[in-house]
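Supplied in structure tokens, the structure appears directly below.
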């Protein structure tokens, strides 16, 4: 099943530049691991904002939560999730 | 360039069932025409809501507006548009 | 999978009392049919408001949408959907 | 009587990992104690978010407050409470 | 148990002055009946707005809903309900 | 004149447990002093939330401000104030 | 006592031009009567919007409500009221 | 002085296509008259939405209001106005 | 020209009592200097809240910004500004 | 293509005056570099607020993001972006 996930990142102001760099590196590794698995299908930046839009295709809501909550910055993001389904006007057979 | 477009449909309460059916038919034709052109890449339903999430790949913001405003229900929708760009952590080379 | 669905009903002001009564009767039949199927597990009223809170256990987001959009009042409700999953602190094995 | 309780957790950014681990452990013990008592009937995670949805069946609003405010993370959560009652279309005799 | 109920009235624009007068009369009778019963303890106007603040002391959330939904203008109000309980700093023994 | 005051408490995360306990004690003393004066008529807890609902009967808006701003936690609360007046449907002669 | 009142006007779309003109004329007469009484001290337009900002000096919240609710367009406005009091940094002795 | 004005158009659902066409024509004439005067400097469409963003350079807030309120669709728009001034980092001497 | 300015003060939680007292003293001096100049016409407290409502009469938006941004607490306030103009129903010739 | 960008600055409360001054200086240099390039066309201050309104003309959404995210204060701003296109009523041939 397919989810649209929007994430706004709020880096704590007290973090040192080293700590930020460490988190950013681990966030990249974690996110790219899930992209390689094929479950994290799209990862886009919202132009001009510190926000992301993602599309994930997973087995279950539990798997979606496992992926998103594995991100090192998970506790520092405002996250909005939409469960998607087939639109009657969509020509494409598959969801992705 | 790629846009994420979210549309909430608000059918006027005074419309007859015939008028609604007519609009729904024309909306489908219009939307499928743009899907066939390859510009309207994804059209999903938000599960349980009278809302859509779409991803369009267009030449310009003017083209995006031409497509969305050609929908018969355009004046009766609340529409939210996000301009997307490449995310530094994205593995995929292309946006779509 | 389990969804929490919150619905606020907005009856169009132009409807006659007969039309309202007809919709309310059909809404009840429709909702009770889904309750009998076992998919619509809980249906509660929010005390003092014209709003409902429901818990549904379905096969897929598409099935959730089929159920909710089959309600006669679907076009006249503001609907909020949350996809739920297992909480690590939950003692109960099953979701429901 | 039955309440729907939604909690968003906001861990203070200044907390050490030890402090967080300590709170998380005590939160689990506290929540599971109330689940064993039968008063905290459902505890779900919102998929992809650091939020919970719970259903509690209690003797009074005071008892609800005693339970929720006993959680160690109570001061660090945004909490929304809805008092529920029987829906005229509900087939189920009992609320739970 | 005690509830705080805030109601904003939205009279449909299509109603004739007769219809409005009829509803207002019946609303008054209905509300005063519940006040006489002792369950609707306070009914205040918010100064300068078409809104009310009420305090009700009832047996159950179901009784609260029975009272509020018996108001003729119930379908035309935006209603907000808060379930109240004893505050540890309150000197007064009783809630009302 | 009568005011409805809603307060959400936001304890600063950096405060030690001693500092919190000190503030809570002084808050109680301050609030109970005003309750004894008869001006702070009701003080309720919103069930399940770190929020209060109060009803005060005072001589003037200046007196209301003197009372509320004397609370030690005043700078750490989000406060909403509604000025109340007599409702035409109210049976009770007095406001309180 | 002094109140700040903000009003957004929402003329019903079904009104004829004659009906609108009639309401606008009566609104002007009513508002100017209160201005002459000295109680409605300031009446400003928000530049570029169909909204007003007013300052009233009245005897009581009941008097404020009597004035505002006497406006013919009262049921068709979204109204926000703030009760004002003396600021410790204000040099001016009087409120107005 | 310079104002940023954002307008969302809400055409009443009861209007006939002739009435809409008449308003749209007059709206265009009115807006182009002000553009020719040099006071309405920029008029942009928000891509994909029935909304405009405008920049006006006027003599006074009263003149801004005269211009915006002369639009035939003025009563049917949600309008947001921001008063702009020189930014200390701006290189450009003039505002426009 | 006349502006309505609403300010909510958010004192940083980490400030010592000395630092707060110093800022409050300087804020008073600054605000009273502008009041003496005649440009800051009204300064009111919102009863029961840590918020102010002010009316300023200035030469230009730039002057308004110079005044407001000279306040020591400027970076720690949420500020809302409305540009006002003459209302057609206002009897008073002058804005102030 | 043209974007309207609104930025609210939130300086972290823990920053020393030196650190703030350093950021402000670098922010100015960065923003003026982009203004000299011709891509950052307008930079205005919202009168009385710590907010900016900008108009940028760029090659792509990616270029917009490169510019905005190069600002030293980028992680400490709430940013809102609107993609603009030609309005059918605009007389001006070019967007800028």
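Quick notes
Letters A, B, C, D, E, F, G, H, I and J mark the chains in the order given here, with residues in each chain numbered from 1 onward.
The criterion applied here is as follows: a residue touches a chain if its C-beta (ideal position, glycine included) is under 8 Å from a C-beta of that chain, and two chains touch if they have at least 3 such contacts.
Predicted model, so just to flag it, every value in this text is computed and none were measured.
The set of chains in contact with subunit E as well as subunit I comprises F, G. Put simply, subunit G has to spin 180° for its C-alpha atoms to lie on subunit I, with the angle rounded to a multiple of 5.
Of the chain pairs listed in E-F, F-G or B-J, the one whose interface repeats that of G-I (more than half of its contact pairs identical by residue number) is E-F. Taking each chain's centre as the mean of its C-alpha atoms, subunit B lies 26 Å from subunit H.
Here the CA centre of subunit A is 49 Å from the CA centre of subunit G. Taken residue by residue, subunit H touches two or more other chains at 2-3, 13-14, 45-48, 61-62, 64-65, 81, 83-86, whereas all remaining positions touch fewer. You'll find the chains touch as A-B, A-C, A-D, A-J, B-C, B-H, B-J, C-D, C-E, D-E, D-F, E-F, E-G, F-G, F-I, G-H, G-I, H-I, H-J, I-J. Contact residues on subunit I toward subunit H in their complex (touch as defined above): 1-3, 60-62, 64-65, 81, 83-86.
By the touch rule above, subunit C contacts subunit E in their complex via residues 11, 13-14, 45-50. Taken in their complex, subunit G has these residues touching subunit E: 3, 5, 12-15, 61-62, 64-65, 68-69, 74-76, 79-81. The residues of subunit J lying in touch with subunit H in their complex are 2, 4, 27-28, 31-32, 35-36, 42-48, 52-53, 82-92, 95-96.
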